[in-house]
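Chain nomenclature is as follows: A, B, C, D and E, assigned in order of appearance, with residue numbering initiated at 1 for each chain independently.
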Amino acid sequence: MTTARRGNPAGDTVLLGVAGLAGLLLIIELMPRLGLVDERFLPPASRIMAALAEEAASGAFWTALSDTLVAWALGLAIAVAAGVLAGLVIGSVPALRALTASTVEFLRPIPSVALIPLAVLLYGTDLGSTLLLVCYAAFWQVLVQVLYGVADVDPVAFETARSFRFSAWARIRHVLWPTALPYVFTGVRLAASVALVLAITAELVIGSPGLGKEIAVAQASEAVPTMYALIVVTGVLGVLINLLARTGERRLLAWHQSVRGEVSA
Amino acid sequence: MLEVKGLRKVYQSGSREVEALRDLTFTVENGDLVCLVGPSGCGKTTLLRCLAGLLAPTAGDVRVDGKAVDGPPEGMAVVFQEYGRSLFPWMNVRDNVELPLKQKKVPKRRRQELIEQSLDAVGLTGSAAAYPWQLSGGMQQRVAIARAVAYEPRTLLMDEPFAAVDAQTRADLEDLVRELWKRLGVTILFVTHDIDESVYLGQRVVMLSSSPTVVQDELLIDLPADRDQLTTRADPRFIALRTRVYEQIQAAKKNAER
Amino acid sequence: MLEVKGLRKVYQSGSREVEALRDLTFTVENGDLVCLVGPSGCGKTTLLRCLAGLLAPTAGDVRVDGKAVDGPPEGMAVVFQEYGRSLFPWMNVRDNVELPLKQKKVPKRRRQELIEQSLDAVGLTGSAAAYPWQLSGGMQQRVAIARAVAYEPRTLLMDEPFAAVDAQTRADLEDLVRELWKRLGVTILFVTHDIDESVYLGQRVVMLSSSPTVVQDELLIDLPADRDQLTTRADPRFIALRTRVYEQIQAAKKNAER
Amino acid sequence: GSSGDSGSEGGVDQVKVGVIPIIDVAPIYLGQSKGFFKNRNIELTLEAGQGGAAIVPGVSNNQFQFGFSNLTSLMIAQSKDIPIKAIAAGVASTGEAGKDFGAVVVKGDSAIKTAKDLTGKKISVNTLKNIGDTVTRESVRKAGGDPASLNFVEMGFPAMPAALAEGQVDAAWVVEPQLSAIKAAGGREVASTYVDAAPNLTVAAYFTSQKLLADDPDLVKRFTEAIHESLTYADAHPDEVRAILGTYTKIDEKLRAAVVLPKWPTQINEASVQTIADLGAKDGIFTKAPDLEKLLP
Amino acid sequence: MNVLKKVVLALALPAVLFGAWWVLSAGSESYYSPPLSKILAAFRTTWTPTQLEAEVLPSLLRLFAGFALAALIGVGAGVAIGLNRRLRAVMEPVLEFFRAIPPPVLVPVIMLFAGIGDTMKVIVIVFGCIWPILLNTVEGVRAVDSVVLDTARSYGVNGTARITRVVLPSASPQIAAGLRQALSIAIILMVISEMFAASNGLGFTIVQFQRSFAIPEMWSGIILLGLLGFVLSLLFRLAERRALRWYEGLRAAQRSS
């Protein structure tokens, strides 16, 4: 039922979201306090926050954070550009799609972590090896979403474009791309967090500088609250990245059912 | 010129096989305005899609200006029956109309003119900034018509383009089509299930039988070239012609039922 | 009984604000068959969606059987104008018709009966196993009608249900609606833009003005209850009534243009 | 990378060393801060890697000029003919039972009292088929238990305190700082595995590639000297070691004061390495016996 | 004929790529990229049937359990979240929070609650691969056509029927996209989960090979992983074809030109 909407919907959403996060914090605070878990291994939220404040006061933390963000942003940008391009091309040429399908399926499940020796071999512990892993993992997320998106194009819309003799490029630009856009958005959101996960994992495992390495050091140093504090930072990064993606989505997909439905139904 | 010779189309999806068109042959001369009538599901849309180069026939020959059709021919515009899905929901009305013109590389100034004129002609001047899904069904259909009109095609295929508009608007649009046809000398193939409309609009009416679909009959509409809603529709000749079409369609239906 | 009192609906999306309905008041008694006519884009679909409880009015009151509408009322069936989108593409024709019956907990045997009867009535006996997207536009629209008919509603709302079907089928379906109405005593609100159709079908015709939309006029159709396509349409009273409706609508349009 | 060429630029060599940021490598950090490398015209960059799996390929591919790894990993690599060469000891056992930097621990209330009781139990090690299971087996063997019956599971050292406390493993083979943390929480040491395995066991070593050794023996020589100096200095100044830990790890002050520091001799105890190699061969860690001649300096 | 063509198409590119690999690596001296011939030889000796049963079967069982669980939870929660704007507003930041945390760092936490057995590994798989399913379900549910929803409502199709007969089928193409993404992530996580407290499994074996510098064997494991992914995705494709016949028909119906 379409009830008249009260208040500012955007503000509403933010408020509810903050409430959700507050609930999570409360659970983490209460679990060790009530003795559900040993607080040596999962300290209460307040102690994690204290450790976080301590970290935030150190310069090393901010350097690590920016290292991670640079690796993430670069890797994601490359993966999204390559994924969208490859997806549109492969998706709109059926022969290409048939030809590449098996290879895509073969390469996709190869875990980035299995590529670590290769990455180290090529780039040592430089940014390059993190980037390689990030790009490899994020690329497939985008590619597959774009392929599904392209397949979802409305035949009538597509034929309209064909009948007006749109060039191949115009068909992609004006019909395939807008249709695939919602899928691309989901793909980018998936890829953004996979890229973050991989950036941190790579730092964790290879030891290139960044939050992941800090987490590894904290773990190895038996500094449990600090480790959780750093994990919280990665989570918060994820929330912020999603917020960014959502804002972009609301602007670019105002015409789409999923967004306009928010308003009218 | 549109030539259709021995056209046959069988849809096959899984085990289900539908012979939508059995054997169609007819011609539309350059500058003609031909109406196509036939019962629901007889294959009118299928025929149009074959002509527009959007569907490969199972057998037979389709030519536009002497060239075999193997993709959408140049200078052709199509108004689809599924008007709602043929508009791009991510563009507003103006952009929907403008995009094909851009594709045709019409200069900017001229584009503005064409968009304004065509939206005006279908009575949507005020809605240029709206998105298709903010419009009523009839308004959407009129956007699709405006888009085709603005394109200034040499050949225009229209698939039940007035199904969703009210009687008055419909009459206006009918006159718009005839005026356009006379002014620009376009070739028009107009699919409708409204018999009066087909007689009022066309120079010729092609009647299709129900499936298995063949051309049931063709009728030359020998009404004066200047037609108007009141006098033409009251003309005894008009009434005779419409009765004739009606009878043929009834006969086609009977045939099918037997 | 359907009661609409002071109904107002304003669409708001971003900065665009459209007053689709300004102030509507009318009633449809139980067992009535009322036709609603009005120019394209005047708000007929909007009104129907408010009645069906699918859209909350901006102001005013909508009641079905005395109860304020705040969700789809029981025993009501709607035939949507967007027939293509209202069928579920993942179900074949039979399942599309059957699903609402299952929801109503109609026993299996009876369901089969209802499905067969209704598909028969719209002339789609052979297409029960086809998917909607394998059907022509007109056939899809008939599936939507069959679904509503099989549902045996107490109230039936139909939004331009015959827009995509050919003249002959349309005549048949018009008679089907009247027969159904007489046999089952349902309350029907029928939206159309075809003036002849509104007069032929209705007991009463409600005419809407163009936007800002109000009730322009109401007309009692004092034709005999037994109507048939040939004699009724030739009846001078019929012609007088249709002229009356036509004039009102013209007047409404003029008003709007001024 | 540009750092890949170890050629001198203005007499200073850019050197990258792959290390694991744990207590064991404190001397190189200390040496760096003391200027032992600068003195020898070496500009040192320490890159943190996680275990031999990441560092050995880096060194053999000249991404790192030197690396730090435990000797079992180095022997495995050597047995696969990867051309590496140990140049200096990395870290060694203290040789005192109960006061070493690595041990097998159990929960305070565990029924396991001695290494013999470990028979048939579930024991966590950081890496399977590596030095951890070799030395633990040896402890059990020496105590008269059945080394073949041990049930090893692999998990990172940081996860072990929790796993032990939650009873997910019966015993854990850990090193500092986890060892002190577990003991502080009531855990009990049941075997000083390094001590049991061999006297004054050399656990890890610094190494380089055969190629660098051939191409730039002078650099290797200077680096080795600097490392030796660092090791000696660290061994003699435990307080400075505890202080430098605060810079590259996050071990808090209390724990830093409590941890048992290892020994940092300069020479690799070849006999102990041979023992480990033999034990490893017995347990099937090597497919081919490592050639210690080729590996050790 | 048709099948033959499909098989040829599917094999053409892999054949070319493998050929290129063979040629390029033939004279390789590097320890880390040995000649393909050596890798294939290692493949034959390493992956014997007994070895497959001992290492791959347990992995597969965990993989299936994790994937099935993720599908169940992901679709269930996705429908609820997609349908309810408020729930979505509350849950989204929390979910995004967890989504951004790398599974490897969460393993210790999961171990706190689930121990170190198969349960832990299954949870790790679920935790990593649920996101594409959840996200796609949410988006798919949000995008259900308004006319479809109105139709369902006005005919009293609500409750479970609304979800199972209308919302889910309508969102199913997008859910399928999510499931497909999740499948390959599940394989990746199968490997990652076996890096912790494992004693058997494909991922475990590959990591062991890597650690013991058995490089050709490691590459053969990676190839096996790729093959596994390929076969699983083929099976998935078959299932998808069946379940989404209407959708493919709908799209193909008008693309026959």
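Just so we're on the same page, contacts are C-beta pairs under 8 Å (C-beta built on N, C-alpha and C of every residue); 3 or more make two chains touch, one makes a residue touch a chain.
Here the structure is a predicted model, which means the values were calculated and not measured.
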item	value
Mutual neighbours - chains that touch chain A and chain D alike	E
Joint neighbours of chain C and chain A, given as chain labels	B, E
By number of C-beta contact pairs, the top two chains	A-E
Centre-of-Cα separation between chain E and chain A, whole angstrom	17
Whole-Å separation of chain centres (CA-atom averages), chain B against chain C	26
Centre-to-centre distance between chain D and chain B (centres being mean Cα positions), rounded to whole Å	82
Touching two or more other chains - residues of chain A	38, 41, 117, 121, 156, 159, 204-205, 219, 227, 256, 260, 264
Shared-contact residues (touching 2 or more other chains) in chain D	53, 57, 61, 156, 158, 162, 166
Junction residues of chain B - those touching two or more other chains	11, 13, 49, 53-54, 82, 85
Complex contacts: residues of chain E adjacent to chain C	145, 147-148, 150-151, 153-158, 161, 165-166, 169-170, 172, 246-247, 249-250, 253-254
Touching residues (chain side chain B, partner chain C) in the complex	11, 13, 16, 18, 37-45, 81-82, 84-85, 129-130, 134-139, 142, 160, 163-170, 193-195, 246, 249-250, 253
Contact set on chain D toward chain E in their complex	51-53, 56-57, 60-61, 73, 76-77, 80-82, 124, 127-130, 152-156, 158-159, 162-163, 166, 168-169, 285, 287
Of chain C, residues touching chain E in the complex	49, 52-54, 71-72, 74, 76-78, 80, 82, 85-91, 99-100, 102-104, 131, 133-134, 147, 151
List of chain D residues in touch with chain A within their complex	1, 16, 18, 20-22, 47-50, 53-54, 57-58, 61, 63-64, 156-158, 161-162, 165-166, 177-178, 181, 185, 248-252, 255
